[in-house]
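In what follows, chain A forms one complex with chain B and a second complex with chain C.
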Partner chain A sequence: MAIEDLAFLIPILPALAFVLTFFLGKKLPSGGAMIPIAAITGSFLISIVITINMLANPEHVISQSYHWFSILNLGILIDPLAAVMLSMVSFVSLLIHIFALGYMSHDKAQSRYFAETALFTAAMLGVVLSDNILQFFICWELVGLSSYLLIGFWFEKPSAASAAKKAFLTTRIGDVMFLAGIILLFTDIFKLVNGTIPDGVYLLRFDEIFSFIPELSAMTATILGYEISHLTIITLLFFGGAVGKSGQFPLHVWLPDAMEGPTTVSALIHAATMVTAGVYLVARTFPMFLAAPQSLIIVAYVGAFTALFAATMGLVMNDLKRVLAFSTISQLGYMTLGLGMGAVIGAEAVGISIFHLINHAFFKALLFLCAGSVIHAVGTHDMRQLGGVAKVMPITAATMFAAALALAGLGIPGTRIGASGFLSKDPIIEAAYLFGEHGGSWFPYVFAIVAALLTSLYIFRLLFMTFTGEPRSDYGGHESPASMTVPLGILGVFALIFGALTTKVFNGFLSTTFLNDFVHMDFHELAGLGGYELAHTAGHHEPLLILWMPIIVALIGLLIAFVVYYLKLIDMSDIVSRNNPVYKLLYNRYYQHQIFTELFSIKFIYEGIALAGFYLEKSLDWIVSGISGFIIEAGEVLKKAQTGVIQQYATAIITGVGLLLILVELVTEVF
Partner chain B sequence: MTDLMLLAPEITIVVTGLVVLLAGLFMSTPSKKILAYFSTLGCIIALVLTINSLGTSATLFSGTLGINALSQFFKLVFLTVTLLVSIASIKYTEGNSHTEEFYTLVLFATFGMMMVASAEDLMVLFVAFELASLATYALAGFEKQNPRSLEAAMKYFIAGALSGALLLLGISFVYGASGTTNISAVAQNADLLMSSPMGLLSVVLLIAGFGFKIALVPFHMWAPDTYQGSPSVVSALLAAGSKKMGFVAAFKVFIVALIGLQADWTIAFAILAVITMTYGNVVALSQTSVKRMLAYSSLAQAGYISMAFVVLTPMALTGGILYALSHGFMKAGAFIATAAVVYMVFKDDKKSEIPDHIDNFKGLGKRMPITALSLTIFVFALAGIPPTAGFVSKFILFSSTIESGFVWLAVIAIINSAISLYYYARVVKYMYFIPAEGERVSEPAPYVVALLIAVFGVLAIGFWPEPFVQMAMNAADVLI
Partner chain C sequence: MIPLNCYLGLSAIIFAIGLYGLISQSNGIRILMRVELMLNSANINFVAFSSYNDDLTGQVFVLFSIALAAAEAVIGFAILISIYRMHDSIDLSKLNLLRW
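Right after this comes the complex of A and B.
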């Protein structure tokens, strides 16, 4: 049997594990954790074998469709893009599950935890291998649901419950846009095929969608006097979904609060699942974006802005996990920026962006697990109370240092020597430079480079504050058990060398995502539809300074952090004070919370509603309770017709016959 | 011989019934359990035989019986319901000395329903109709010691006898005007019926006769009393099975035989559908007995299905016919879940007056998790929430109604669905949001198996509607 025949098992195994763990977990040792671990190991093995096979023959993708109903299908599509994501998701999820064995061992609701993470993994794997946009959306919603359950895992804590709600509602805004995009896409395509659909053609399968790109881009709508093609609207709506799921500005507000769940959940959400779903959505439908340049530009700007915006906030947070949360948002910004660069470098953008996504998955999972390890041992995540942890937890400290190197992106330009973050972030920044050079604006490049400086600064600040110096409070600590340190070690190795090992193959492999026996897109033609031209990147060389720029700023960041937080040469107390307006602005996260809840929500919505409600409430109340009251009252009255006396029943039947006769006669007469 | 092979499912059911009846005479009460399993086996065999014969089409016995997609589809509905009832009754009849009579009656009632589905002649149809009715009268009063059960049977019988008389009267008018009782021959002589005032009279009388089984207002009054008073498994058979017998008979008689009088009966069904669904839903709101609530909800569902008579397009009939199957799963499942709850209540308190009171459903999610989860799925399906059978059927039925221009009817039906959510959700609220007043009860295996089969059916149609819609479409093609 070919491995392809097992591909459907990839999401099915964790889904089964969810059911089994949910019902039987309580009776098994360690909450039945072994079931999801075994299932995800299975998914991982199948994924990795498929990926390795595909490396040899990237044009041959796995595509299996099953008829669902009418013109919809269920199916799996594993092309290079999906194969890479599947391997990454199952691998990182597997390590996190193993780590959770130790981390969650004290929790009473262990079995529920493992069941929910299994569902989460299943949903994410389902997103990755969907071959049509509807199934994609269904799994996407499942991801949202399970993230809600997991963020609110400790639901008895009010902060966790409200964080879960916030995450659910915020991402829902994006989801609604995504759904609107699907509906618009479907109605458009339906109109285009004129209602006649040959057998075996499934309208929402990606290959069908892509084949309609020229027609979609020709359909236009006039909005506010501008002529906008339907393709632009659809892609922007899709991107709206991605903004919600991938925590891009302005829907990023849920991500920092999502820390309320167990740290392992944060690792799962931030590294392997959920947040990458948004980036994946754009990558999956990238040919559509290529033919809609306006959307691509917006993608680029949103990404670049988010990268910088989140990095500035990461700089001043004192909570270990919050720094990492803002770092995730910032890195997602890079990935989105990378995709937006498709406007100059075409489908190569998918390669560089997904490469960063994969590398980020490794080092971000590692960062979170390290933080989890520290929190597990020390019991606090306030960096102001930590310090000198490296002495008690050397393995954790070492692996976290490796992750920091990867995040800051240290390496030697022009070679393949460097931590994985370097090898993937650099191409994005270079692409942003190219974007500026080719007549786009320079904003993305400037934002990306400043964000790189801040990234290095905040992550080394975290490292020095936590692991070096003298303890700033009394904490007992011990190195974590092997079930926790082994995943750390594995991820640490990956964070350091994965990029160097794969950077050569990766781009070539991913570039076949849209050039294979399932879909075959001509990127220059797509760009032509959008009315622009792709740059010829081959043999292009940036000035030396530009090439070295990212590494220079990263080193500057490291240096500043070293001087300030390790040597403590500069007393920060002047700067870090409530009197400094910049610090205050950053510390309060640009007052987004205030803007969102107080100004926007309360002032405009609540008070607006309260005002309108003052007049409406009484009448609405009266109408609603009036109607329901009337119906229920009617029920009470009619109930009395049921006397229980059989003679009256018989009378009703006979009268019914008579009345029916008369009524039918009457109605026939009248009409 | 080949002719008889076409009736293999019916023969299986009758033979099983006779064997059970005779064997039961010589068996001790505890060993009668085996009869229950034997009957279940008979149902399964008949079900398999029916599924195998889905594609066949033939007429037998000088055109009095017909085997076609419609008849086989409804036999499928009846046999599925009987199978569910039969499995659940393994527990219900445990230790009862009348087990063999119970099962024989269930099987004979099923046989009657199956014959109605195949009948191509009004007299055969009437006799089969009465066979099913007589068997169910006895079943409704199966709990001889329980006055409620006896009262239920008595009311059912009297209302049934009266309706049977009206039905026969209606048939006699049809015969008098058209000179034949053969369904397709009546259709050919439609002019004779249309020219005579007897036409309208017979339509109304036939509606009253079938309306009794379907439980259309105002011929419904026996239904809440009988469904509540009868053993729950019997209520399942009545609501999910015998109601569909009324529908298949009405489909044949009106749409095939009396198509010439379409103008008259369309109006009659429009009036009755609207009154029935509204009345059923509104009265269901204030019920405290869950079985009674289900009875009224089943009135409402009958109202929805009756819309198919009004719209009368192939798609609407497909929706109506598919609804019959979906309703079979949902309603039988819901009544069997209630049976499990009644079993639980009687375990605590033998003298409980209203064992199916909504208060007894408090915290059911903790006390009987499988039953509670299944019942949740059933009531949501009845309310028409995706991805369940109820949603698919309602969607097809309502959208075809709108497509044919009966927007007002669809609006009324949709408003009714919205109202119904109130009382369905209330059951869920009691089961999951109100704390339990008792210990966890181990759920008897027969109930669990029956519930899981019904859940499977409800979700299968919900997730994979295509094959079922196709089957219903083939059945609808027979009519139009």
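Right after this comes the complex of A and C.
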């Protein structure tokens, strides 16, 4: 039996584990955690074998479709893009599950936790191997649901309940846009085929969608006097969905609040599932974006802005997990920026962006699990109360340091030596440079470089504040159990060397995503549809300074953090105070809470709805009481007919019959 | 032979008398008697048509109708007796509990 025949098991196994753990978990040891762990191990093994097979023969993709109803299908598509995502998601998710064995061991609702994370993983795996956009959307919504359940895992806490609600509602805005995009896409394609669909053709399958790109880009609509192609509108709506799920500005507000769940959930959301879904959506439909350059430019700008914007806020947070949350938003900004760079480098953008996604998954999962390990041992996540943790938790400190190196992107330019973050972030920054050089604006490059500086600064600030120096409060710490440190060690190794090992094969492997026996796209032709040309990237040479720039700013960031937070040579109390307007602005996170929640949500939406509701209620009241009042009044009049005197009833009957007879007589005479 | 119209006329007159009584009277027994009258006017019609059409079906109907009238009278009088026991009167115009 070929391994391809087992591909459908990849999402099914965790889904089954969800059902089993949910109903039987309470009776099993440690909340039935072994069921999801076994199931995800199975998914991981299948995925990794498929990936290894595919490495040898990337043109041969696995595509299986089953008729669902009418012109829609259910199916799986595993091309290089999906294969690496599947392996990463199942691997990271597996490690997080093992880590959670120790981390959640004191929790009463363990079985619910493991059931929900299994569902989360199943949904994400479902997203990754969907071969049509509708199935993609269904799994996408499942991801949203499970994130809601997990963020609100400790739902007795009001803050957790409201964070879950916030995450759900904020991503909902994106989801609605995504759905609108799908509907528009479907109606357009349906119009194009003129209602005649050959047998075995499923309209929303990716290969069908891609084959309609030229027609879609020729259809135009006029909005506000601008002529915009339908393809641009659809891709922008899709990107709207990605903005919601991947926490890009301005829909990023839910991500920092999502810290209310258990730390392992944060690791799962930030690394393996959920936030990567948005980037994956853009990567999956990348040929459409390539033929819609306006959308790509917007993708690039949103990504670059988010990368910088979130990094500035990460700089001043005092909560261990919040720093990491803003770091995730910032790194997702890099991935989005990388995709947007498709405007210059074509489909290579998918390769560098997904490479960063995979590397980020390793080191961000590691960062969160380390933070979880610290929180588990120490019981606080306020960095101002920590310090010197490295003495009690050496393994955690060492792995966290590895993750920080990867996040800051330290390595030697021009070679393949460096932490994984270096090998994936640099190509994105270089692509941004190319973008500027080829007539685009320089904003993405500048933003990306400044964000790189800040990234290094905030992560080493976190590291020095937490792990070095003297303890700033009384905490009794201990190193975490083996079920927690082993995943940390594995992830630490991956964070350091995965990039170096795979950087050579990765881009080549992913470049076959749209060049295989399932879809075969000509990127220069697609760019031509959008009215621009791809740069010839082969053998390009940036100035040496540009090549070294990211590493220089990263080292500067490290140096500043070292001087300020380790050596404490500079007294920061003047700068870090409420009197400093810049600090205040950052500390209050650009007043997003005030603007989004208090001003926008409460003032405009909530009070607007309340006001509308007031008048609606009033008018409804008027209608309802009007009807009932009329009926009561009519009854008052008509009840007088019920005299209770039999003779009068008899008279009425006879009169009625008489009148009826006369009527019948008249009618028969007329006709 | 008496023409059919005479029977029909007789029947109509009896029916009208019954109807008038039904509306104008308030004594329960009288009302029952009026109902009997109206029923019998219909019987006359049946028999007359039956005889003129040489068809016995009408007469069979009348037999049924008479039996029915007897049963109806039994029930009617039984009700009236129980009304009398409750109200010491059989004046139906005073029995107006089912009114507004």
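To be clear about the criterion, the second predicted complex is superposed on the first by the 607 of 671 C-alpha atoms of A that agree within 3 Å, B and C clash if a C-alpha of one lies under 4 Å from a C-alpha of the other, contacts with A are read in each partner's own complex, and residues count from 1 in each chain.
Criterion: a residue touches a chain if its C-beta (ideal position, glycine included) is under 8 Å from a C-beta of that chain, and two chains touch if they have at least 3 such contacts.
Because the structure is a prediction, the values reported are computed rather than measured.
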item	value
Contacts of A:K618 with chain B and chain C, given as first, second, both or neither	neither
Which superposed partner A:L660 touches (first chain B, second chain C, both, neither)	first
Partner chain(s) touched by A:Q642 [first = chain B, second = chain C, both, neither]	both
Which partner reaches more residues of chain A (counting touched residues only), chain B or chain C	B
Chain B versus chain C as contact partner of A:K108, first or second or both or neither	neither
First (chain B), second (chain C), both or neither touched by A:H520	neither
First, second, both or neither for A:A650, with chain B first and chain C second	both
Chain B/chain C common contact set on chain A	639, 642, 644, 646, 650, 654
Partner chain B, residues of chain A touching it in the complex	67-70, 628, 631-632, 634-636, 638-639, 642, 644, 646, 648-650, 652-657, 659-661, 663-665, 667-668
Touching residues on chain B, where the partner in the complex is chain A	154-155, 158-159, 162-163, 166, 200-201, 203-205, 207-208, 211-212, 217-219, 221-222, 224-225, 263-264, 267-268, 271-272, 279, 282-287, 419, 422, 464-466, 469
Touching residues (chain side chain C, partner chain A) in the complex	19, 22-26, 31, 92-93, 95-100
Residues of chain A that touch chain C when the two form their complex	639-640, 642-647, 650-651, 654
